[in-house]
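After this come two complexes, each holding chain A, first together with chain B and then together with chain C.
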Partner chain A sequence: MSEDITRRALLGNVARGTVLLTLAGGAGFLIRKANGQVVWQVDAARCLNSRLGAVNVAACNLCTTECVVPLSAVRAVNEFSKCGRCNICPAYFNITSAVDAHGLPSEKLCPRDAIIRKPIGKVDPEDPANNFYEYVIDEEKCDGCGKCVMQCKEPLGLGSITLRIRYDKCVNCNRCAISGACPQSALVQLPVEQALRPQVLKWPGE
Partner chain B sequence: MQYRQVKVLGGKGEDPDRFRAALRGIAVDDRGQIYAAGDSEIKVFDAAGACTLRWRTAKPPISVAVAPDGSVYAGETGQIEIFDATGKRIDVWRDEKLLGLVTAICVTSDSVLAGDAADRAIHRFDRHGKFLNTIGKDNPVQGLLTCNGVVNFAVDARGVIHVANPGKHRVEQYTPDGRLLGHIGRFDGVDPAGFTGCCNPTNVAVGDCLYTAEKAFPRVKAYDFSGQLLAVIAEDAFEANCRNMSIAVDAKRRVYAVDTVKLAIFVFEEVAG
Partner chain C sequence: MARGVSARQRPNGVRLLARLMPAAFVLIGCLSVSLSRAPAQAIPYQRPVDTAPQPDAIGGGYKTPAVQKPLPRAYWLQVLDVALLAAAMGVSVWLVLKRRDRKWLVALTAGSLAYFGFYRQGCICPIGSIQNVAVALTDPRYSIPMVVTATFVLPLVVALFFGRAFCGGVCALGAIQELVVLKPIQTPRRLDQALGLLKYAYLGVAILFAIKPALARDFVICRFDPFVGFFRREGAPHMLLIGGAFLVAGMFIGRPYCRYLCPYGALLSWCTRLAHRGVTITPDKELDCGLCAGACPYGAIEEMRAVRPSCLYCARCYAFCPRDGELAQAKATLVQLPGAPS
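Presenting the complex of A and B:
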């Protein structure tokens, strides 16, 4: 196995652990206090922003506007094991903005600048196209607007970013306000253990 | 340069000339016959578009190539199956390490090149299956960034290997022994001369010029070898969710492109004048 793949696999494992720890950290108290109970979660296979097959549509931001928590409890989560670590990430850049002197789009996509991009591994300072990049969601800024999720979705991206409810932010309303507004019925109640699992997206007909 | 769509082959369906669930790779021979790797078989279409021959493969074929002697190579997971022109299997090369996921094959007079997406590299063998060298892997700038899951390439008449490096928005040129000669291409999300999205182009073909296929939004283009855009061959023909669209070109400069959702092969030809 190559050094690159070994590094990638290692990063993937670390990343998976980070995502799970992040989600589980907030949910730890739920597991302790409410094991066996159900909690709200975004079903990525129903969410318009992440559902495969839905293209040429604007991102839905109802998770931002409808949550009772001032800065929505729904946040974008990047599952690093799926992320391509691309030089030009359509979830980070506005890929239709003018290209700058370095050959990169000149504008970012996120209106709150909530994605952090940094080169990882062996870095070529001369040519950004030669590098891998890590994209981390800044959770203090993200409000779950879903724009990055829509752009990360296949086939444009790899679908590594989805919207997830963060249980350290969620107040677990009996009737989630977002669920009442979501036209896709993408807010679902799941047992705690199931709500924490990474979600698998499938193409229509798969 | 302008192109027009002249024919559609295949499509989704149960009939012998259609594809039930998958159409992954195509190749064209000197006589204009089209070879398609789909479902669990190879189909051969004549130049008029009729399906004249089909045979099953041991595993679902991901890619297909035709050798100068007419033998047909099917790339699969962990192996390459080799058939004669009638579809009779004459050999199989198995190697989990060097043929992990064979997403492209080219056969030249003295070697067989297999794009291995599992290793993000091209592995070169002699015509008897003896491993010779790797291409792309030792590129000093992190090799092929194929986050789309496919290694795709084509070999021109001079023996230069043109490899899609979608993460870098480039097509790179290599010698058969793996030396990087240069590249064409750049990112641009608006100008059609550039490659858009996170990772494009995904697929290439080569003839008198270089042909590329992109995903999101799917389109096929022609470039000269210096990287100058010659034509956008097609961009509205394909289903928007198409990705990793195999392309091929024949001796009459007709361009063939797979719609991976409609499971069809679109044929384009240059408009005179």
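Presenting the complex of A and C:
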């Protein structure tokens, strides 16, 4: 009887050891192969809203509608060093709306009023047209609809606003829901350092 | 020579105008197109800029603010998640096997649901990692970070020694179902066993979809995760509906996803067959009262013995035991009836 129990215990130990070794071997293989973290990012050169040459088309808002997190993990981000600081920013104002008493367009472009405009530098109150303005995107309001991105590029803007994945929001899905829907295949998986680099706008096919 | 001089004497404004002519034409073109749709008054665009002014041009001590560019979750935080997973499993083993304490286990369950579920939004979890591991093992161009490997392996290793400690009090998907168990009915054994086979089929399907070539690959486990929509407070309506249905059904049928569908549960129950410790209905102490079997919502007590591969580590059997649980702690005295087996 007791021999029987020890034999069973021995068999159990052998089986457990075998499974453990298999798990350890598999884990070792995977860890040796691991190459750091990859994250999703919007390729600005492919994204319809930011790539050059796509003008007079409706902004694509699939990043807003397809993402699995509230509001979307894709937000418009203004790269301030590239911003023209314009008085009449085509991404801030709806430049086709009627002019108001101050000589500015009366409507804003952003449907969620997420862009904040304020004069910066040496402000000359007599000459508002020649002051510089800073445009900050309110991250709590922006849902990445891309309307401002579409306007802030040639011919009217400098392309300082692009759609970017915000890594404080993104849950890094196995297959990003937006990537499945994006007709331009603009969502790509990149190593972290590469994904954080500022993006360059290009003409399609360039 | 004379012409050159005259060119240089041309007023500045005119030269600027000449330089901006092409831009102005494009602009007018654009505006006229949009005007044809919007009958608003056109405004001459004041300052078409071709370079971005930098702080020295802006003046007034202006400094370019930092761009909103939050980093992905820091590596040490990801390691912390894995450490928390391991620690929670350790606590789960200790509470169930050593303390036989259900109250604190419920607290651990709620804590895990809050952290792994609602704070970490159900990502990453060992259940979904099955497919990533399968892809990484088969596709030479696909690899997973070390934390994913650890998340996948750790609960299996624990199961090899102590059983499904991950399922009790740690897994967020299990926790949300554990906390809604209201009035569980005992599923007929045959039906229970038949439905239990579904999880092996699901595991097979998940691996099949994972080892397909990259373009045809589909992460079905994550896509059809019934509760992740609740964790993220957003999801496809049909998935939220399915998740809600699972929760409503889970009030009466204990943890239906865990018992009948969870593919990781299939792996865990295989490992648990080899475990040398686990939930035990102690033979020399028992009264044959069957209260434990009646209390187990998961059909994991058969003929007064714990069926470890299907035991989900909820410690209800201990809590309902007159010798071991809350009743014993309340100093209830057991009366020895004359003639009854002791």
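Keep this in mind: the second predicted complex is superposed on the first by the 167 of 206 C-alpha atoms of A that agree within 3 Å, B and C clash if a C-alpha of one lies under 4 Å from a C-alpha of the other, contacts with A are read in each partner's own complex, and residues count from 1 in each chain.
Just so it is clear, a residue touches a chain if its C-beta (ideal position, glycine included) is under 8 Å from a C-beta of that chain, and two chains touch if they have at least 3 such contacts.
This structure is a prediction, so every number in the text was calculated from the model and none was measured.
Peer 1: Applying the touch criterion given at the start, work out whether A:Asn87 contacts chain B, chain C, both or neither, answering first, second, both or neither.
Peer 2: Both partners, chain B and chain C.
Peer 1: Using the superposition on chain A described above, determine whether A:Asp127 touches chain B (first), chain C (second), both, or neither.
Peer 2: So A:Asp127 only meets chain B here.
Peer 1: Would you check which partner chain A:Cys63 touches, where first means chain B only, second means chain C only, and both and neither mean what they say?
Peer 2: In the superposed model, A:Cys63 contacts neither chain B nor chain C.
Peer 1: Look at A:Gln37 in the shared chain and tell me whether it touches chain B only, chain C only, both, or neither; answer first, second, both or neither.
Peer 2: second
Peer 1: Counting residues of chain A in contact, which comes out ahead: chain B or chain C?
Peer 2: It is C that touches the greater number of chain A residues.
Peer 1: Which holds for A:Val192: it touches chain B only (first), chain C only (second), both, or neither?
Peer 2: A:Val192 sits against chain C, while chain B stays out of touch.
Peer 1: Name the contact category of A:Gly53: first (chain B only), second (chain C only), both, or neither.
Peer 2: first
Peer 1: Thinking of the overlay built on chain A, is A:Val149 touched by chain B (first), by chain C (second), by both, or by neither?
Peer 2: In the superposed model, A:Val149 contacts neither chain B nor chain C.
Peer 1: So, A:Ser97: does it touch chain B (first), chain C (second), both, or neither?
Peer 2: After superposition on chain A, A:Ser97 lies in contact with both partners, chain B and chain C.
Peer 1: Between chain B and chain C, whom does A:Glu139 touch in the aligned arrangement: first, second, both, or neither?
Peer 2: It touches chain C, and chain B stays clear.
Peer 1: For chain A, which residues lie in the overlap of the chain B contacts and the chain C contacts?
Peer 2: Residues 55-56, 84-88, 90, 95-99, 103-105, 121-122, 129-130, 132, 155-156, 158, which sit in both footprints.
Peer 1: Can you list the residues on chain C that touch chain A in the complex?
Peer 2: 23, 26-27, 30-31, 33-35, 37-38, 40-43, 45-54, 58-60, 62, 64-65, 67-73, 75, 121, 123, 128, 131-133, 136-137, 143-146, 149-150, 153, 156-157, 160-161, 217-219, 222-223, 232-235, 271, 274-276
Peer 1: Sort out for me which residues of chain B touch chain A in the complex.
Peer 2: Touch list, chain B to chain A: 119-120, 137, 141-143, 145, 147-148, 167-170, 186-190, 194, 196-199, 215-216, 240-243.
Peer 1: With touch defined as at the start, can you tell me which chain A residues reach chain B in the complex?
Peer 2: 2, 4-5, 52-53, 55-56, 84-90, 95-99, 103-105, 121-122, 124, 127, 129-132, 154-158, 203
Peer 1: Which residues of chain A touch chain C once you look at their complex with the stated criterion?
Peer 2: Per the touch definition, chain A meets chain C at residues 9, 12, 15-16, 19-20, 23, 26-27, 29-31, 33-37, 39, 55-56, 68-70, 75, 77-88, 90, 95-99, 103-105, 120-123, 129-130, 132, 134, 136-137, 139, 155-156, 158, 160, 164, 166-168, 170-175, 192, 196.
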